[in-house]
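To keep things simple, chains are lettered A, B, C and D as they appear, and every chain counts its residues starting from 1.
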Amino acid sequence: MKNIFFLFVLCCGISQVTAQHSHKSQHALTYPDIEGYVTLKTDLHIHTVFSDGDVWPTIRVQEALRENLDAISLTEHLEYQPHKNDIPHPNRNRSYDIALAEAKEHDLIIVHGSEITRSAPMGHSNAVFIKDANPLLQDKGEKAFSEAKKQNAFVFWNHPAWHAQNPQGNPILSDFQKERIKKGELHGIEVINSIDYNEESLALALEQNLTIMGTSDIHGLIDWDYTEKGNDRPITLVFAKEKTLESMQEALFEGRTVAVYNALLVGKEEYLNPLIHSSIVVTSAKYFKNTQVLEVHLKNVSSSPLLFKNAMEYGFYSSSPVFEIPALGTYTLRIKTLDEKENIDLKLKAIGAFTAPKQSPVVSWKISVEK
Amino acid sequence: MKNIFFLFVLCCGISQVTAQHSHKSQHALTYPDIEGYVTLKTDLHIHTVFSDGDVWPTIRVQEALRENLDAISLTEHLEYQPHKNDIPHPNRNRSYDIALAEAKEHDLIIVHGSEITRSAPMGHSNAVFIKDANPLLQDKGEKAFSEAKKQNAFVFWNHPAWHAQNPQGNPILSDFQKERIKKGELHGIEVINSIDYNEESLALALEQNLTIMGTSDIHGLIDWDYTEKGNDRPITLVFAKEKTLESMQEALFEGRTVAVYNALLVGKEEYLNPLIHSSIVVTSAKYFKNTQVLEVHLKNVSSSPLLFKNAMEYGFYSSSPVFEIPALGTYTLRIKTLDEKENIDLKLKAIGAFTAPKQSPVVSWKISVEK
Amino acid sequence: MKNIFFLFVLCCGISQVTAQHSHKSQHALTYPDIEGYVTLKTDLHIHTVFSDGDVWPTIRVQEALRENLDAISLTEHLEYQPHKNDIPHPNRNRSYDIALAEAKEHDLIIVHGSEITRSAPMGHSNAVFIKDANPLLQDKGEKAFSEAKKQNAFVFWNHPAWHAQNPQGNPILSDFQKERIKKGELHGIEVINSIDYNEESLALALEQNLTIMGTSDIHGLIDWDYTEKGNDRPITLVFAKEKTLESMQEALFEGRTVAVYNALLVGKEEYLNPLIHSSIVVTSAKYFKNTQVLEVHLKNVSSSPLLFKNAMEYGFYSSSPVFEIPALGTYTLRIKTLDEKENIDLKLKAIGAFTAPKQSPVVSWKISVEK
Amino acid sequence: MKNIFFLFVLCCGISQVTAQHSHKSQHALTYPDIEGYVTLKTDLHIHTVFSDGDVWPTIRVQEALRENLDAISLTEHLEYQPHKNDIPHPNRNRSYDIALAEAKEHDLIIVHGSEITRSAPMGHSNAVFIKDANPLLQDKGEKAFSEAKKQNAFVFWNHPAWHAQNPQGNPILSDFQKERIKKGELHGIEVINSIDYNEESLALALEQNLTIMGTSDIHGLIDWDYTEKGNDRPITLVFAKEKTLESMQEALFEGRTVAVYNALLVGKEEYLNPLIHSSIVVTSAKYFKNTQVLEVHLKNVSSSPLLFKNAMEYGFYSSSPVFEIPALGTYTLRIKTLDEKENIDLKLKAIGAFTAPKQSPVVSWKISVEK
């Protein structure tokens, strides 16, 4: 039978060559760094066959590579194991181990994580940057959280407004969560989970100083649930000092994130504002000959379409005051400055971005006019 | 030589068959009627080789049929005739006559028109629904306007903010225009001309009670200037009692219009509001089982992508409070009504639409919840 | 813990609704029936995590539903089990059982199958329509085949020309296969396996009277390996008396198949010829007025682009003598019949289809000319 | 009135900037040079409003620039002037003069031409490289041709098989043409006119040693008649010593052409063969490790999809023996060479290309295998 194994090493030589080309696909995501930090594209809520997902962990690594992510975490339910008759592993770290091996040759960080799963009011939470998932499997929720803390895990509350647990569709901050926050055992909260954005969770994040998170919570295929419907998967942008596991962990504990789902960006003003500022690059600014109409070329270097509203005293010459700069696209603004300036402050309200419920940031760019 | 003519009747039999199929193309525009009126899609500012355009009038008719317009007007410059050495026609009605013949078998209204062309401060104006273009060719601008009035023409001011005439990019209402308005010789104003939207012209329209117009001012090809760049041509929606030349003329004199360019809609609230109301159809509204989350399916039956912002007291369950319903597309809103209702008022601000500079209408739909 | 299970029943209510819509996707395959038989679209060579594939069996069912297949078989390697430390199931029927449950509400036939895997010269073979996979796991290949026969399985030889087993890239019919054929234990042969078409395997199929098969042999995702590269998965069209498991089995034993990969169709003339005949529908045939040029409109009702070459004595008026009718598309032929006919035989050589190595069938359609 | 003209110089400043970008569009055509010659992409049969076309000559120049043509000729009917009441120019060179001015800043050759138009049996012919169109307007066809010869024009017979003149759809070589050929007054023949390919005209070209031509004969818009239907305009590739008017004229008199319409290429073997040879570039050739299967990467550097059929003694490992290499696309052939070679001759029959009715050339490429 030795021959069989030799044979399978050779197997599929042709198609592997082809597969490598498709790692960076047309759906590769890109977001600019902000001053002082590198911007990491992360999805920290993902399932595989090792809990209730539909694919082997290798597919999750390949999906992440295709989408140009910097980090993922496979967060299997510890308590909910619908495939346990087929996959009766006593070791809850298998999903992580397989993903780590698959990612070995690639520049993708695999964060060790697990989902702690209870019915309301405890609900679901993810512990990431753990060392060993097995001790987190506890009868009492409190013990699972204290074990996570012992491992220095970053823990965030999943879909707090999930209608299956909260029929009104709003989060309820129970004594359980209050206690966890007080004890330093709960650090973040999802404001975007799969296709759902929850403003009240954002309000809670700000009130309780929790890190703002966005995740795909994928069980099936990213392509079927997101890409082929014209969407990108939801992610958390993490602003880290460098691209390492440790730096990313530090940034999450410090709350340096923006949650993103297509055109929707949600974050604290101190991070969302610079992200939008970096996302739009002014490539030229010049007056039309013999006029006081200033033509400004703008380039969106991010994968989010960005919606803006004029927030200057000057009107536009041609554009609607509400306009979109497509993902990785360009836009030409013509501004009526009334007399010729050498410098102007372009001020735009980013109406698809939120720093608090219904509150969008005004971002400004200093523009030097070309002669 | 008689044979040659016979021969050309047969000529191109094959390709004509094919051409007919392409009249209603994928770029066909559609907008719903509003209560009491049919909505006519019109472009009343167009050029051909009979002034400074690049195509024979037949192409303009074919372009309009492909885009499903209801009415067009070929508004040749009376005074600016760069091709006059080649086309020395003394009769300024030729462009109209040719278009009329081409449209004969089709349900497309050809409005007889002309452009009266002067440098600032008089500028350019279109007289449409004229009977004879020749008498409008006058040395004095005042005489051209009074002749247009004699013919009961509807006259509108073209691109009042054009930077070539007004270097600041803003319209200047001169004594000439004031006099024309006073005498009932000027009835409308372009707020959208080709790719340019001008808020100050909208302010003038409201202040002077002028009809709000949007036109393509096309000289080259609609496909090259608009379609292949992902845009639709700018048009004026006219709310007429019926689809006839006379009804359309009456509606224009009465100011019943909305100017449209892609996602941008500009009009008086009394017409813009019902247009948006008709454009969005609620196709179903039902609570998720065992929750107070109401799922509402919306359908945009217009060719404009429509941008909205939540204007209700209730939050959304999944969507961003700012969202777009694609042209002829659908969107699912999930509304947290907190307890179960039998009826609710869906209230949305149409942030891509304007009833005055920077002012967007709030539109509401009465929704009956299905059991 | 009871609550957790209740909770997961509700879970994902929203996304399931959406998922149902995508079952019949834009990649749904369609092929017409032929006289006397229904045409079943089947893929009988597929892997999951239960051998060396990357997904749970449910994904395979969903892929098949999206592509509108009629039948699939999950043919796990019995002997090659790279995931056996994680999935140590002693029961080799699990993959089948899970797929069967997933397909329950759908009109998709799940064929019970397994792959018998050896190094050359035995190579790999699939046994389908088995009752129990476990007894097929045998040390000696001969015993595996005799057990398959006992279960009345239809057995076919996989990728006989695989370069990892045959470095020249050609199949070698060994004594092992000869013996199996003689004993009635080997009934079919893959002429298309994944992206590979092998003419010599077709020659063997004809020489040994084996059923002609085409399969995807998918391990990863159909979308990544085929769809996003512009290809459809390879399939076997089975011409069955009705759409049942039994009928399909009977048809395979009788050799009523065509293997298909995009524009490539391979089958015995008696089935390939009627398939192409049914795939092209003549929708009208009329003379141009006053000419002897007959215009014939053709419609391809299959998902394969079909390549043809003129095989008539008459020339074409406009088309190249070599032309393609796109998948589900139309084509207009203009035929110079020299005088006016009431009927003609349209004769075309289907140059992308093969009934033997390098041999393409000529198909003919009787056309009645309209007056 | 002086102001008006100044004003129109400024006019449209914005849109002209944009228009320049679209000159080289996605439909730009490209074909490789062949040994000893540059390959010029030409369309020498075009109409404008100066005969029975629908656009001003400037549009024809812009269409040609968008499609990356090297040369065009506006060949107005001298005798058929449906717009002559509006455009009563006595000078038949106007169309040429306007196009020449429009093309001034671009690298596009404008060839002076005219169409000589008669009913059958004389039919239609184009005289190109003329000096003055006016003297070609003659009552007697014979005089028009002798005048063209006096000007050293290259003259070709248009759509000889046109059903409106020849109801059987086949060309009839009359005494008129025979006399013209004998006198050296007729040098070429269209085998492709608009969407029509005529094999009998190709037979005539070979029999009478006439230059093989392909033209669009466009009257409306290239986009509507060709591009938006997925086609490129038909052209004649001219193999000239250099890109000049004189060189092109010499090449046409010498018969160095290939007529092209999408995948269809028609020409004499001595030019068609090298064109296909140059169109396919072998980018690598290497054996799969431990096999005798040679993998050859091919790149099509032309805008025509090229259809091939295996013409070697060796079989393919994966591909169908009939395959297409997409326009500007790539293809991977795997060839079973049975033992390892250092060099092989790749031989393919180009089945979409014709050197005579129904006759396709076999082209070969010398391949050095990489170690």
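Here is the rule we go by: contacts are C-beta pairs under 8 Å (C-beta built on N, C-alpha and C of every residue); 3 or more make two chains touch, one makes a residue touch a chain.
Quick caveat: nothing in here was measured; it's all calculated off a predicted structure.
In summary, the chains found to touch both subunit A and subunit D are B, C. Set against the Cα centre of subunit C, the chain with the most distant centre is B. For the pair subunit B and subunit D, the distance between mean C-alpha positions equals 41 Å.
For the pair subunit B and subunit C, the distance between C-alpha centroids works out to 52 Å. Shared interface positions of subunit D, defined as residues touching 2 or more other chains, are 10, 13-14, 163, 195, 288, 290, 318, 334. Residues of subunit B touching subunit A in their complex: 161, 163, 167-170, 195-200, 263-264, 288, 290-293, 307, 309-310, 315-322, 334, 336, 338, 351-352, 354, 357-358. Contact residues of subunit D toward subunit B in the complex are 1, 3-8, 10-15, 18-19, 22, 25, 49, 52-56, 58-59, 62, 79-80, 83, 86-89, 94, 117-119, 163-165, 194-195, 219-221, 223-225, 228-229.
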